[in-house]
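To keep things clear, I will list the structure first and then write my remarks on it.
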Amino acid sequence: MEAFSDGVFAIAITLLVLDLHVPEVGDGSLAHALVRQWPADASYAVSFLTIGIIWINHHGLMRHIERCDRVLLSLNIFLLMMIAIVPYPTALISHYARTPNATAAALYYGAVMVTMALIFNALWHYAIRAGLLVQGADPRDVSGITRSYLIGPLLYGTATLLAFASSDASLVMYAAIAIFYLASATLWGRRAPA
Amino acid sequence: MEAFSDGVFAIAITLLVLDLHVPEVGDGSLAHALVRQWPADASYAVSFLTIGIIWINHHGLMRHIERCDRVLLSLNIFLLMMIAIVPYPTALISHYARTPNATAAALYYGAVMVTMALIFNALWHYAIRAGLLVQGADPRDVSGITRSYLIGPLLYGTATLLAFASSDASLVMYAAIAIFYLASATLWGRRAPA
Amino acid sequence: MEAFSDGVFAIAITLLVLDLHVPEVGDGSLAHALVRQWPADASYAVSFLTIGIIWINHHGLMRHIERCDRVLLSLNIFLLMMIAIVPYPTALISHYARTPNATAAALYYGAVMVTMALIFNALWHYAIRAGLLVQGADPRDVSGITRSYLIGPLLYGTATLLAFASSDASLVMYAAIAIFYLASATLWGRRAPA
Amino acid sequence: MEAFSDGVFAIAITLLVLDLHVPEVGDGSLAHALVRQWPADASYAVSFLTIGIIWINHHGLMRHIERCDRVLLSLNIFLLMMIAIVPYPTALISHYARTPNATAAALYYGAVMVTMALIFNALWHYAIRAGLLVQGADPRDVSGITRSYLIGPLLYGTATLLAFASSDASLVMYAAIAIFYLASATLWGRRAPA
């Protein structure tokens, strides 16, 4: 299960590059065209970090799961479906950035992220209830993970609703969530050996 | 063999996202355009679940196979050829949904699925006859798998023939087969520890 | 090294599907259009089988190699470069089939195949001379593999030169080589346990 | 971590083939068109070798790292972001080769390479300082690797600055760096057993 998941994560994260298109400028300035398409670069970076962080979290989750049944496999398939679709809303955002349709693109992106965060929670709760966790897992670790996962749908839900007010604010919040998780993951990593 | 197969499954399932195209609406409504292209989303979801379920079954099958010879490798290559081509009939269906050509697209999709189900059966029967199964496998398990695999070509064959009557009915049946296998896999998984 | 190679094989073989394009027929017959593009389907199948067989052979080769140095890694990179490029000449052949340019496309395809077969031989000979083989490998097995690899450049060279006379004959021979290797691999596999 | 990284390397290196486009020549000469697009082939080869060599180095680095914390995972995500984007500047170079925009394309390519080389150094230095290396690693080996990694940003920085004088010279230097690393890796590999 982990090899297959790692594969889907690795492919989805690498397919994001296909959303970056060679600008057709003829004899015009390629440098200016590349600067002008910064929204595409920014959404590439945000989606790359987002998938990367979800992968780190998925990896951490898998270390706590000892056994695997078909319900878990099925939930994992639904999680991967959300991961694998990320390049599409990313393309929507980079294509419609700074147009009136930016709100619709940001909402689509947010809907994918909220669904993904909900499935992540479902997967974790199922693993706990079905007794699939590693024997002797520290209950404080388990409830710590439970709490940190619960924040996900709330953060992404807020960022999605923000799109109705301002699609730019929504995109900045998607980036902030990625950086927040990366920083907290990093701090958590530093604390771990202590 | 399993690492390579997992790779092909993971890539084919992730390439499905390339069938989702950013709609060109200019200043028109992106939201309406996204809603109008629901057949593309639906065929993405059906093909994703279908490949996902075949992967779960392939995974289950591999656990029963202990050794691997070159005939099995060759049959596996043919199986992977059918898996890897799935994004193409999926694109045909999403492109020609609700047009007179939907029947041809549904037939092509069904032909791939029937062929794949037949190769799956051939692979399993070869593994049994060539003595490649795990020593001491429970004969009831083996014959249970044999029966569940036999249903595949029948179900997909019926869905394919349905396309002559109604391509929509055919597509609904492809979705139903995926959900049926997912549900039975899930139920089977729950029963397993009992 | 084997995980990375398996990845490149799996991706290259799966990317072949991107050479199959949804035909734009409007209200015309999709069924006829799909039948007319059989050269694309045929070159998909031949390239898929070819990469699949090279993967089986690569897999067999790796079982005989115990250690791995950086020269071997470098030769492997060059081999993978040829594997990864296969979707491109496949696209050339399917695009220019049955046109005057079919010869050029068949020659390009053949040049890739001959180069790949030569690198395969170089990799094997280097592994033997550098003492990287598994200790106690049967010398008859080793020289048997050496002989079977030597046929590769000759077969692909002949198919390439055939393109000057008839590009169709050349394509048929590429298919025949794939089927020949598949059949001999299969027969060899059957004989193995004896 | 290594499986996921190997996946991203393998996919990025294989996606490079998508930068090679079937030339549309109608009844004109495909052979001439293929010869004329040698810059696309050359940039394919340079990027393939570059990613291949970075993979070999990444592989070598991982053998010296025993434990893995979340900081290291995060740095690795940033490294993979640079690897995964390589097909994009490669497409820029092959599209704008021999036009006035070749300088901008070469600068973009160089900026990616310099950033990647800097992250590679950061990852290695973090692993040393955080005590993640294999116990009992030979200090001379470690400082040898440190020195060889330090050359990377300098070489790529020089090649990038060269683009202001001549984009062709810059491209030749990118190729030379790849060949230099491949040759030194190969020589180093030969020396290793001595």
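As written, the chain order gives the labels A, B, C and D, with residue 1 at the start of each chain.
By our rule, a contact is a pair of C-beta atoms (placed from the backbone, for glycine too) under 8 Å apart; a residue touches a chain by one contact, two chains touch by 3 or more.
It should be emphasised that the depicted structure is a prediction, and the values quoted were computed from it without experimental measurement.
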- Farthest chain from chain D, comparing Cα centres? B
- Note on the structure: For the copies chain C and chain D, the interface residues, called same if over half of the numbers are used by both and different if under half, are different
- Message: Please tell me the distance, in whole Å, between the geometric centres of chain B and chain D computed from their C-alpha atoms.
- Response: 37
- In whole angstrom, what separates the CA-based centres of chain A and chain B? 26
- Which residues of chain A are in contact with two or more other chains? 3, 7, 10-11, 15, 18
- In their shared complex, at which residues does chain B touch chain C? 1, 3-4, 7-8, 10-12, 15, 18, 69-74, 77, 80-81, 84-85, 87-88, 91-92, 95-96, 99-101, 104-105, 107-108
- Item | Residue ranges of chain D touching chain C (in the complex, touch as defined) | 3, 6-7, 9-11, 13-18, 20, 22, 25, 27, 29-31, 34, 44-45, 48-49, 52-53, 55-56, 59, 182, 185-186, 188-190, 192-193
